[in-house]
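I've put the structures underneath this note.
Common to both upcoming complexes is chain A, partnered first by chain B, then by chain C.
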Partner chain A sequence: MDSQAVNQSQSGNLNRPGTVAIVVALVLLPFILSQFGRTGEFWIWVTTEMIITGLFAMSLNLILGFGGMVSFGHAAFFGVGAYTVALLMKKAGVPLFLALLAAPVAAAIAAAIIGWFCVRLIGLYFAILTLAFSQLLYMIVFQWYTFTGGDDGIHGIPRPEFLGPTSYYLLCLAIFLVCFMLMRMIVNSSFGLSIRTIRENMERAKFIGINVRRYQWINFIIAGAFAGLAGGLLCELNRFAQTEFLHWSKSAEPILGSLVGGMYSLAGPAVGSAVLIFMKIILQQLHRSMVEMWAIVLGSILLVVVLFAPGGLASLYQKLFRKSDS
Partner chain B sequence: MANHILSIEHVSKSFEGLQVFNDVSFAIAEGELSSIIGPNGAGKTTLFNLITGYHIPDDGKIVFEGRNIAGMQPFDIVRLGMARAFQRTNIFPRMSVLENVLTTVITRQKGNLNFVTPTRNLKSAHDRAYEILEGVGLADMAQRLSGTLAHGNQKRLDIAVALALEPKLLLLDEPTAGMSPEERWQTVELVKQLWERLKITMLFIEHDMDIVFGISQTVRVLCYKTLLAEGTPKEISANQQVIEAYLGEEV
Partner chain C sequence: MTKEYLLFMLINGLSEGMLLFIIASGLSLVFGVLRVINFAHGSLYMIGAFVAYSLSTLLTTGSLMSFLVLLLVVPPVIAVLGFFLEVTLFRRVYREEHLLQLLLTYALVLILDDVVRVIWGGDPRNVARPELLAGSVDILGLALPTYNVFILGVGPVVAIGLWLLLYRTRSGNIIRAAVSYPDTLGALGVNVSWVMTATFMLGCWLAGLGGVLVASLASIDLGIGMQKIIECFAVVVIGGLGSVGGALLGSLIIGTGITFFQLPFGRWALIFPYLMMAVVLIVRPWGLFGRPER
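Let's turn to the complex of A and B:
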């Protein structure tokens, strides 16, 4: 693998004026889009989904890129967050902000239980066990009709009146930025270094005194919490929760986003997810039947990335701009 | 009689029916620089794996500073003050040389659960890491990606990582393996000098008899699933059993 791409001693450098420009552009975006009537509103919705999915992908990447563990079951925590928001708001009348606080807590608890078993395994076995647990959760939600609505999901989740499309976009953006800063802090901290140490050489990590399983478990819980928050946000965006949020294909989304964006960078997975969503929507817009083509397009993108840019968009970016940096 | 920092008591170990050790016992005096020799496959590395908790003995005790550590996890044993460097280079290849040592220093300081402070702001840990790298002559390569170092320097980094744990007992598995003759003697000098400076107990595995007899206070010979002999270099080189079983083939 590209040795340059994994030198993460300084992840998410924010001193560049470029970062400020990006944030400003993201804040202004919905105000510009809202000038374009219904189409504009649709694109505000799409970009909100991009932000949420980006958060989801970044949360997985704490395990995947930084931890070196492939999880096929990250949707479990996304789904737990979504259903927490849905159930609390719809059935208990809890206000949105409290529900959004509860989502990562519930997801963290789920991740603590599931992770406790999973980190006992490594490699493919770890991946399979995460998949098994998420499918188990999927089946429970699917079958427990009286509580979760089963296949129908939970619809009609209330939306506070002051939250129009633009303000909800801004809320998601604000939460995303806070989470970004938190994750950046974590990966640059001693804990983050310990996680990378384990990824680089698990056996040797034990011989420098690192309790490998414990730190992998903690990392798994942190990743689960962020995923739960993302799930809660998407639930409120769509105003429904459905079993699909827990499906294995939902677990694949952040993996694909991380591959395309670059899993050895902090923002890469978010960018990759946004690019994938954008291409899928464009395909839909060109012609309804083109959606059928999505699998082919996605396959081609992945092929190009794996063959020509194994570090994803992040490594392409580094290759293009590294010279001007130094 | 000196204090024993480590004693191996009646240890036996088999892998799927293949016995590697049968009732091995010996003890290492505190502060000693000693070596283990023996033919390929004699079980030297396995012995280190047993001492450091990578393998659990089928039978017997491993007593480190008065405490039976057989069955304990490697990361717990490390925290008691034991470190090892590996026969086959075993570093964190896609991290910088500095980070390899820094992560170890942080672990040694029990600082892994700090989620807030950027590692680059940990001044004392950085200073300590540089000090250790200077001690093994790698300070000027601190920012290099460790996987890109030449083999000899990777072995040195492996030793630096072990030193960062500030061990009371340091185990070195063939520290000169795969090195050019010149590098070998540099490494031997380094080992000797570290031992004199740090005043810790060191146990190393080595195939080169000149090195073994040159710097060890005690030499132990592993052969035929057991400890064949133990003594000063002089005693060992004159030991008839050792000459027949092991040294003979080299001369």
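Let's turn to the complex of A and C:
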């Protein structure tokens, strides 16, 4: 699993014509979908959610795949971003673009505080502490009724008039692409390479003079900021913020997306998340009661991946393909 | 604030801590032998509570007999569930890296919690206390809920039982050997994988026992598994992963801590375990009783 990652020195290596085709298709998609009336509008909403969740999963993967640290509390930063947008817009009347700028900043501050503690620990203990901190934030939001609305959440977040479903989709897509390019730069920078060195061999990284804790801390903050932006975007899409955004089960979604799409590629987690959301919607269409089973489905997928394809579903395809070849 | 009131709080806090110990000792024991931290331990405890609820609806309400039936039947049921989980799933990842083990138990949390939701729904439930334990007893001139005092008594019984099992029986020797030298134990002709299965079942049995006890203590709902597993993490982090004695100390600290923090902070006291865990992880990551290893 690790050797595979080492070979792949340049992550997010883009095959130009292919990438351009995908981006053009993504830009045109809402205009095609809007021809189909209400169903089309629904699918624009779904694809917008896919883009946002994809950003969330990619942000986690900076820690998980590239940093080799399992965080079970990434929803904390997603939630902080969402509540920042909700509170600023609803209670302070701040315009959307300023609120969307504030979301990653607030999330980065939260990640700086939480991360400062967490990066002191490795492996199991890191995972436990991230979970504990995210549950702590969840409890605070849940209990602080006067400020966060507690269990009710914050509803009726204003939407600027010029932002219809299509233009909001395009806004999210643009932000996603910018973030993608940023993350690609980070991952391939000397900083990103150091992070990967730490994942492969922490002792050796220390010997060659990398300040392991500081690098992991900075990486944690960067990941938190991107997660916060994703949370802010989803908050505006749904026009509400709720405690579920911070819940531990929300932290499971990007982990699953990363596992399904492949942890050692930049775009993999985004693709994985999109696939999962698509599956969820299909289940929903099949039967309403299937939504209740969603966590069971997610858990079962995770079990299958862990037991049979630890490198992600992508590696499973590879395995099958190679077997049939030989 | 009178002395009596403080004593009252102390008893409640300690009984809360004892309940936590019963559950956390299972988690710690399993980690000691299997080297896997089971996120699904809280879910097993929750299933124990809900199974106890369902079984109690079939029995006479409030009779001592039905309470004893619950105590005798439910923990083994959870242990059998644990048997299937260990043999079919856990056994396959012992030699894998931590990430995969964590994800496996995490997947189980997703599945088991949702199964509970589908079967029992989101309404809070509780099991009536048997009449014998329903009232209150006078201790030092204080009227204390009998049931809390009962749990306060069960905790030490479980602790002594575990100690006798681990340190005074041959099975206990084998389990302790499996913690320290699994390979040597295997070379001596002991089937280590069955030792692991048995330990896992014992851990689940304890989770089930905790479930039965809590069902009559407070109302149970879908959140109790997650709440308890995080308290358990705090306990094993404080006491040291794999140390049963540490689990006892950690449980009492967390249990009484939550109760006493309720005085000035009300419902915010639930934050106490998280703070405690964060402090210990930073100051002494291997816990008060554990050894630094990774």
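Observations on the structure shown:
As a convention for this text, the second predicted complex is superposed on the first by the 289 of 326 C-alpha atoms of A that agree within 3 Å, B and C clash if a C-alpha of one lies under 4 Å from a C-alpha of the other, contacts with A are read in each partner's own complex, and residues count from 1 in each chain.
Keep this in mind: contacts are C-beta pairs under 8 Å (C-beta built on N, C-alpha and C of every residue); 3 or more make two chains touch, one makes a residue touch a chain.
Quick caveat: nothing in here was measured; it's all calculated off a predicted structure.
In the superposed model, A:Ser194 makes contact with chain B only, not with chain C.
Looking at the shared chain after the overlay, A:Ser300 reaches chain C, while chain B stays out of its contact range.
Look at A:Gly209: by the touch rule set out above, it reaches chain B but stays clear of chain C. A simple residue count on chain A separates chain B from chain C, and the partner touching more is C.
Shared-chain residue A:Tyr125: touches chain C; no touch with chain B. In the superposed model, A:Leu259 lies in contact with chain C only, and not with chain B. In the superposition on the C-alpha atoms of chain A, the part of chain A touched by chain B in one complex and by chain C in the other spans residues 1. Note for the complex: chain B touches chain A at residues 52, 73-75, 78-79, 83-84, 86, 90-96, 99, 102-104, 106-108, 111-120, 122, 145, 147-148, 161, 164-165. Across the interface of their complex, chain B is touched by residues 1, 3, 6-7, 9-10, 185-186, 188-194, 196-197, 200-201, 203-204, 206-212, 215, 218 of chain A. Every residue of chain A that touches chain C in the complex is listed here, in rising order: 1, 70, 72, 117, 120-125, 127-129, 131-133, 135-136, 139-140, 143, 248-249, 252, 255, 259, 292-296, 298-300, 302-303, 305-307, 310. Contact residues on chain C toward chain A in their complex (touch as defined above): 37, 89, 92-93, 96-100, 102-104, 106-111, 113-115, 117-118, 226, 230, 233-234, 237, 241, 267-268, 270-271, 274-275, 277-278, 281-282, 285, 294.
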